[in-house]
Amino acid sequence: MDRSESVTQAPPAATILDGREPSGQRPPVGAASRVAIRCRDVHKFYLAGERSVYALKGISVDVREREFVSIVGKSGCGKSTLLHCIAGLLPVSHGDIAIGGEQVSKPGRRDIGLVFQTSALLRWRTALENILLPAEIFGLPRQQVEARARQLLRLVEMDGFEHQYPNQLSGGMQQRIAIARALVHDPSVLLMDEPFGALDAQTRETMNLELMRIWEATPKTVVFVTHDLQEAAFLSNRVIVMSARPGTIQEIVDVPLPHPRGRDMLYSPEFVATVKRLRELLSAQREGSRDGT
Amino acid sequence: MAPEALVHPSDADLYRHFYDHEVREQARRRRRARIVNLLGRSVIVAAFLGLWTAAAAVYPPIIVPSPLATWRALVTEIGTLAQNTPPTLLEIVLGFLAGSVLGIGLGALVAQSRWAEIVLRPYLVVSQAVPKVALAPILVILLGYGLTSKVTLAALIAFFPLLENTIAGLRRVDLDSLRLLQSLGATRWQIFTKLRVFCALPLVFAGLRIAAVMATLGAIVAEFVAGNRGLGALLVVSMGTFSTPLLYATMVVLTALAFSVYLLATWLERKALHRYNLAAPRA
Amino acid sequence: MAQTADRPSSMSTYAVAPASHLVDGREVTPAITRRELEEREIRAVRARRRRELITHNAARVAVFIAVLVGWHLLAARYDSNLLPGPLQTYAGLVRSWKLISAGAVATLVEIGLGFGLGVFGGLVLGSIIGVSKTMQGVLHPFLVLYQAVPKTGLAPMIVLILGFGILPKVVLAAMTAVFPVLENTIIGVQRVEEDSQRLFRVLGASPAQTYFKLRLINALPYIMTGLRGAIVLATVSVVVTEFVAGRIGLGAVMMTGYAQLDTPMVFGALLALTAIGLACYFTVCLIETLVLRWFNLELPAS
């Protein structure tokens, strides 16, 4: 029985969104073979005041449907820039990016959800009103979306907090609302820019587990930017390692661990080996010479 | 924006290709901005002069003189204008100095005592809300038509923003630096001169800038009321005698004077902050 | 509660009712609970606040009385037509009450209209200029000029064109009040978090949507600060224009007393003016509090 379809329509009573484990078969997440995001020879160059920045050079990568991909690298390696290019926020200097077959030329696609490091919740709106924001902008009727918004609140385990304002919520809670907001219009792609970077280590660990749980419930294609190697390895199917100046893909590392992921996997030999490999790649960057001029 | 396909270029080629492109784009954008700015500003000035001339055509010259008539008055009455400018300038400068010294001095004193500051706070708020220029007639009655009443009003109006800014500035101290000095056993005076003063500088200089504008306002209003000497007095007198070209000419001179005062104050503020490598306070 | 003295008392706290615990293998119940400590603290803080409220306000009243008494003593040495004391001021107020009350109404109306007009203009212009970097670049020197020159100096010119009635006062008040609102609207509309702007762009929001749902509301705290500046400037402007134009308003009443050397009337009118100035200012503060509370916003960091 293919449950993945139920996610895209108005959900009936008992669905995956209720957070309950569905009985019956479900295609393993990340196994779809269609390409969701395709980057071909992407270059990004810009001038910032007196400096020139060759942020991305020759980036070519495919992200499959329902795959969870992380991008790691040191500060300034272009990982956020790449994410913003995929989102359409930044125009590329050369090359093209396509999501679901359609070229990305400017922002405003409805098949993308974006989560920021600063949560970017509007402080004058309650949690529920924040989640409803994308629907408002798209002009969708409120009743239709409100039910879904409330279900998402339950999914991120924040029901009861609908009428709280962001300044009454902790950092982790704010990010949960931000994730719910990114999901409310049911995008096929979720782009996350160091969403847990501003949280303390404990909360970050909790949020990683929560993200896995949410992702199991509503599998999307996810591109996740982080500087935390363990986080990247824990969450993803594949990890893209980028090196800076200019930003290029050093290597793409497979994570040979099954989903769903649990805390116990943090100690498995495969996980340790993956993180070790990621660290080696990053260390090699430091000693290696810089590309370009 | 995406040019011909880049086939196996070297890194240096790639870099140069993109760099040239971006630099050209940036230069083009800057040039366009400069042209737009110049054009826009010229349009505005032209529109201003045009509207003025049109108004002069519509209204009788005794109400709205044309720009040309104003210019002619400026030239012919240069003597009167030159005579009345120094008194106004003197009032502004003296008022500014008096108000600043008192404002900063009193502010420093009040800031020493949290208790004094808390007790006086409602009075400071009230003084903000009350139009101090309304004191002009009273001051002229009490202090006469001479320099004193005008300087007093200018000083009074300049005093309050500085008082407030000084108190706020002295309170705004970086806690960690304060703790550092305390741990070194610095005395209150040392903490004041080595830390608080510098933390207060941005706000104090912003206050000085405001005080300059306020002093100008005070001098002008006092002259409105006293009406005997100075550019403000000249305005009121020429209004009363319907010597409208002179009125407009005086307005031009007064505007130039006020603007110069403001520019001077702003320049001083920037130099002082730059000297101590401080940032201007957020608006 | 700890019972006997031979048990070592401990100040450990618990979230719920005190449970006994083991210390060195012996059972011990704590001498005090968290709840009790909390209540003790709250009581202490409340007592201190009450004390401070009394002492501070007593001091403020003392200052007020001191000033009043000082004024009275100083004025006693001079003729009441030069420096009237508090009592003579009150007498003057009562004597000229008709004149002063009529003037007060007129002044209030002028301030209100000028303020309203100026705020409206400042909001509209500020919104237009704030969202357009081009306009900001073009208009920048003009805005600096506008800020630098006291517009109150235009009073004689405006009176000449618009006459001696209410209109010149309203117009000049609007011209003066416009600037703080304009400036603060521009700042508030621009000072939006980078990520919030990105959010709206990624969602493909139209400029209107971005403006009304994000920029304008974000600007509200700044606009409120601008309102406070605007009311103060409007009041000052109205008073000065009344000095110049005479005929209507409290400023005109003051000039009448000034010309007739009826100084108690001047002081009385000044008192009324002070009251009006305060009333207007605090009304705006009230508006500010209500608006910010409605949108769950706070004042911008000073």
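Going in written order, the chains are labelled A, B and C, and every chain counts its residues from 1.
Operating definition for what follows: a contact is a pair of C-beta atoms (placed from the backbone, for glycine too) under 8 Å apart; a residue touches a chain by one contact, two chains touch by 3 or more.
Owing to the predicted nature of the structure, the values given are computational and were not obtained by experimental measurement.
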| item | value |
| --- | --- |
| Centrality ranking, top chain (CA atoms only) | C |
| B-C compared against A-C, more contacting pairs | B-C |
| Inter-chain centre distance, chain A versus chain B - centres from mean C-alpha coordinates, in Å | 50 |
| Euclidean distance of C-alpha centroids - chain B vs chain C, Å | 21 |
| Distance from the mean Cα position of chain C to that of chain A, given in whole angstrom | 45 |
| Of chain B, residues touching chain A in the complex | 1-3, 6, 11-12, 14-16, 18-19, 21-23, 26 |
| Contact set on chain B toward chain C in their complex | 33, 36-37, 40-41, 44, 59, 63-64, 115, 118-120, 122-123, 126, 128-138, 140-142, 168, 213, 216-217, 220-221, 224-225, 232, 235-236, 238-239, 242, 244, 247-248, 251, 254-255, 258-259, 261-263, 282-283 |
| Touching residues on chain A, where the partner in the complex is chain B | 41, 43, 45-47, 52, 54, 57, 91-96, 246, 291-293 |
| Complex contact set, residues of chain C against chain B | 56, 59-60, 63, 82-83, 134-135, 137-139, 141-142, 145, 147-150, 152-157, 159-161, 183-184, 187, 232, 235-236, 239-240, 243-244, 250-251, 254-255, 257-258, 261, 263, 266-267, 270, 273-274, 277-278, 280-282, 301-302 |
| Touch list for chain A against partner chain C, complex | 84, 87-89, 107-110, 112, 114, 116-120, 122-124, 133-134, 136-138, 165, 167 |
